[in-house]
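In the two complexes below, chain A is the common chain; its partner is chain B in one and chain C in the other.
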Partner chain A sequence: MKVHIMLFGQLADITGVDKITVENTLDTDSMVKSLQNTYPSLTQSTFVIAVDKKIISANTLLTDQCTVALLPPFSGG
Partner chain B sequence: MKEQTPSYERYQRQILLKGFGLEGQHKLLQSKVLVVGAGGLGCPALQYLAAAGLGTIGIVDEDIVSITNLHRQILFTVDDIGLPKASTAKERLAKLNPEITIIDYNERLSTRNALAIIKDYDIVIDATDNFSSRYLINDACVLLNKPIVYGAVSQFEGQVAILNCHLASSVTPANYRDLFPTPPIDGEVLNCAEAGVLGVLPGIIGSMQASETIKLITGIGKPLINTVLTYHSLTNQLYKIEIVANSSTRSLLPANEADFIKMDYDWFCASKNNKFEIDIENFNKIANTADVEIIDVRELGETPILTDINYYQIPLSQFKENIAAIKKEKIVVFCQSGKRSLQAAQILFDTFGNKKIIYSLKGGITEWFKNKSTEKR
Partner chain C sequence: MTEKKIKNIFIAGPVTADFIGKSIQNHSSKKDIGGHSIFLGQIRADKIDGKEVAAIEYTCYEEMANEKMHEIREAIFAKYNLTCMHVYHSLGKVATGEISLFVFTSSKHRKAAINACEELVENIKSSLPIWGKELFTNETYQWKENK
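Up next, the complex of A and B:
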């Protein structure tokens, strides 16, 4: 099972990647945990998660070929 | 609206548009839009709305024009440096379109004035540059049932959305707290002054805000209701995400106007970290004492360099790796504005806990120099 992850804004800056594909990740909670293991700086970051272009507010099961976006808040204007 | 008959000739090119017509123009001329922030986002939004014949435009900004604004705040010129943004913008826009009403508020939107100002408008454009104002605008607009046309930028990326919009009856309106329930840790997200911004980016995002506002008023197209659009200027990637109204975020909002007035948004957006902050006066007292280690966490090559204080540099990007080199009991970290140093302070605290006394210089070098120049006077 493949899941495509998109990182926006400063999340791409601190991890150095804006797109990752991960295998065998069951749900958004375990996906975030494994991302934070790979990129510890993400543990300090605020972001919301969208699964297939829809913001989620609780742990969500992932499906094969789905896209998860991690969106941080921007303040600049 | 002014007494004279509006000259529709001015609007001819947009009246020609299918679905827009005279009806669309009337709707614009009868609408009232408040633009909060006359900066990088606000300037282009204001220009296009004034040019399009938006009947009443309010401008809120307490700031004055400075030279670092000019690369993106295109309403202003070098002659405006030092002048208030709101009234300068008003003057400029009145020359562009004398047929509309423009009201300037040369003050910061606060819990004391927000409800009174916002209630007279149909739509609020959030063109601010800080989280405190963004949460304040959101909460006030939720209380008053006003739609928000939100825009924000960071470096090369921008976000646009229409929040708290009751016009689409099929969906429950989502607000800013459904997108970002609570503010990030202070210092985690840098503003334009810290992170930098390409001037044209807020130009694009601010123009999108104007476009979404016009769509919302005239009823053309599909405005970004409950949707956040992200734009990356380097890759031209556009990505739309649906925001879902979440019942649990309701509890984060002030319940009524009295609760709203009691809110302290500056504290709410900074409180998580300010336990580390030391002000200039106290910093100067301990700065050259023996048991304190002072660390510049700016990246290599950033200026100005301090000469009267003993310090060394560990850039924030390499901070964690080099933390073991810190030996003394008391540590003061500093950066340009005091934001990145808060992050460094948090890293220190995560490592040393209460074993060391950790401070972050409030306001950073900018504040320290300001203080130094007043002392000399």
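Up next, the complex of A and C:
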């Protein structure tokens, strides 16, 4: 199972990556935990998560080829 | 009036006065319009810890932002009696004094256009996945956060 992860704004800045593909990740909670192990700076960051462009508010099961985006606080306008 | 097609609101660089002028001109043939309301977001030269903002560099999650904007657009059209609604946001670098957001609503009578414009601006700022990096005159930067 492949999951595509996108990082934006300061999250891409502090990790140095904006796109990662991971295998065998079950849900958003375990995905975030594993990302924070790889990129410890993410533990200090504020962000919301969008699965296939919809913002989620609780742990969400992931499916093959889905896209998970980590979105820091918005600052458009 | 509803529009089903998802529009792309993003343009590269600043929104120019020429572009805004032409947008207004484009409505002269729509004779049922009685009022327009326009909001223009301009880059402010904020001073933060002795450093001055020279420009903001915008990035976004384009697909999600356009889909979310589509939802906002549909909701605003359902709530207000509008003739027209146009939204443009800059991507990339926009210098202080330049325009990065252009929201333009038109209606038969002024109140709908004015209220819809204000609600759109608030929704755009709070709900669209867009990020601004404040570039200082001394070449350092910080990530902006909407208040």
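Here is the rule we use: the second predicted complex is superposed on the first by the 73 of 77 C-alpha atoms of A that agree within 3 Å, B and C clash if a C-alpha of one lies under 4 Å from a C-alpha of the other, contacts with A are read in each partner's own complex, and residues count from 1 in each chain.
Keep this in mind: a residue touches a chain if its C-beta (ideal position, glycine included) is under 8 Å from a C-beta of that chain, and two chains touch if they have at least 3 such contacts.
Since we're looking at a predicted model, the values are computed, not measured.
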{"item": "First (chain B), second (chain C), both or neither touched by A:S57", "value": "first"}
{"item": "Partner chain in contact with A:S75 - chain B first, chain C second, else both or neither", "value": "both"}
{"item": "Which of chain B and chain C A:M6 touches, first, second, both or neither", "value": "both"}
{"item": "Of chain C and chain B, partner touching more chain A residues", "value": "B"}
{"item": "Partner chain in contact with A:Q44 - chain B first, chain C second, else both or neither", "value": "first"}
{"item": "Contact residues of chain A, present in both the chain B and the chain C interface", "value": "6, 8-10, 13, 50, 53, 69, 71-77"}
{"item": "Complex contacts: residues of chain C adjacent to chain A", "value": "41, 58-61, 63-65, 67, 89, 100-101, 121, 124-133, 143-146"}
{"item": "Chain A contact footprint on chain B (complex, rising order)", "value": "37, 39-42, 127-131, 134, 151-155, 157-159, 178-180, 182-185, 188-192, 195, 197, 202, 228, 230, 232, 239-244, 246, 248-249, 343, 346"}
{"item": "Touch list for chain A against partner chain B, complex", "value": "6, 8-10, 13, 44-46, 48, 50, 53-57, 69, 71-77"}
{"item": "Interfacial residue positions of chain A with respect to chain C in the complex", "value": "6, 8-10, 13, 50, 53, 69, 71-77"}
